[in-house]
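Here subunit A shows up in two complexes: once beside subunit B, once beside subunit C.
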Partner chain A sequence: MANIRNRIRRLRFDHDEMTQEELANLAGCTRQTIIALEQGKYVPSIELAFKIARAFGVSLEEVFQYEE
Partner chain B sequence: MATLQKRALYGLVFGVVWAAAMAAVFFVKGGASAFDEDRGFRLIIDGLWIGGLVLYLALFTTIMRRPTKFDERDRTIMDRSARVQWLAVILSLVAWIVGLSEGYHSEGQIPVVFLYLIFISTLVVSSVAQCTGILIGYWRMNRNG
Partner chain C sequence: MSYRKFMLWRTMVFIIVVILVGWSVASNNPLIPIPTVIAGIVIVQLLKRGMREVIVDERVFSVTDKAAMLVFRTFVILAAMAAATMLGLNQERYPELEQAGFTLAYSVCTLLLLYYIAYIYYNRKYGGKE
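The block that comes next holds the complex of A and B.
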């Protein structure tokens, strides 16, 4: 698994406790994928990463961080 | 449980029942020699494999265009399931070739009807293996990421 961390759970909390279902609908993916992302068990494509960042209205790097 | 995962589970159960039904009809009706001679028997088996294939395809194609049901993660798992499918098909073909070669070695020729049976069995093995591959894919992704 690549060393890519994300702040999706935190960002959902900061956005009026947005549900996983709501985020999935905004990003165009399934709720199971959001769960897998939050658990660090899936690394999204660039496209999905951008869609998630756009759903929160933040830049990509505010959601995903690469750790060497 | 993801929608594709559920469908794969249903597909696996359906595939096993489908294979068992075809095998039961095949042996109850008299096996390979009866299959070769009886047109009605061949039509029953044709109906079973075509009907099963249509139902199997419907099981997966009905969700693949719905982003809230099927996304890139599901597609990755589905693509990876082809490895299990490929291995299962190769193993089943090896079993057929070894079995038929050994069984008909003294006669020097294999009855044509077995070509048809190889095709049907490959179809069933491929379908069941795809479902198994999808379920393994989810299990591995949930365990290792």
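The block that comes next holds the complex of A and C.
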């Protein structure tokens, strides 16, 4: 798995405990994908990463970080 | 309709289709399987329209791709080995295996040819053309 971490769980918490289903609907993906992302089991495409960042109203780097 | 309900309904439709097809094969009735399978596909598509959640996304496609590739590779290797074994056996003692071996061998060749054509198509579609 690539060394890409994300702050989706934290950002959901900061956005009034947004549910996984709400985020999935905003990003246009399944709730299972949000679960997989939060568990670090799946790395999204650039498009989905942008959609998730847009759903939170933040930049891509604030959601996803690449670690060497 | 929620995702869980959709999955439940889809599983039920799948079980009914399998039962009906199995029953029609057992009773030598060739007319039932085709309309049953078509009806099953139509019902599942109608159920999908009633979904409020997204049920297919890039992760689902990725999982499907990996599963399909694993099955493809496994089948091609096992079928090629089985075909070689069947064709390599004594043809006079096992004449029926020769036909089965050729069928399997041609199936593998057809599958590989289709894979190659599909690979070229998608490689060009996604910018692999020089």
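One rule holds for everything that comes next: the second predicted complex is superposed on the first by the 68 of 68 C-alpha atoms of A that agree within 3 Å, B and C clash if a C-alpha of one lies under 4 Å from a C-alpha of the other, contacts with A are read in each partner's own complex, and residues count from 1 in each chain.
Just so it is clear, a residue touches a chain if its C-beta (ideal position, glycine included) is under 8 Å from a C-beta of that chain, and two chains touch if they have at least 3 such contacts.
Model, not experiment: these values are computed from the prediction.
*Asks:* Considering only the touch criterion stated at the top, classify A:Gly40 as touching first (subunit B), second (subunit C), both, or neither.
*Replies:* The first partner, subunit B, only.
*Asks:* For A:Asn6, select first, second, both or neither according to whether it touches subunit B, subunit C, the two together, or no partner.
*Replies:* Neither partner.
*Asks:* Considering only the touch criterion stated at the top, classify A:Cys29 as touching first (subunit B), second (subunit C), both, or neither.
*Replies:* In the superposition, A:Cys29 touches subunit B and subunit C alike.
*Asks:* Can you give me the overlap between the subunit B contact set and the subunit C contact set on subunit A?
*Replies:* Correct list for subunit A: 24-25, 28-30, 32-33, 36, 42, 44-45, 47-48.
*Asks:* Per the contact definition, I'd like the list of subunit A residues that touch subunit B in the complex.
*Replies:* Spelled out, the residues of subunit A in touch with subunit B are 1, 24-25, 28-30, 32-33, 36, 39-42, 44-45, 47-48.
*Asks:* Taking the touch rule as given, give the residues of subunit B at its contact with subunit A in the complex, in rising order.
*Replies:* 1-3, 67-74, 141-142, 144-145
*Asks:* Write out the stretch or stretches of subunit C touching subunit A in their complex.
*Replies:* Against subunit A, subunit C makes touches at 3, 53-60, 62.
*Asks:* Please output the residues of subunit A touching subunit C within their complex, sorted ascending.
*Replies:* Spelled out, the residues of subunit A in touch with subunit C are 21, 24-25, 28-33, 36, 42, 44-45, 47-48.
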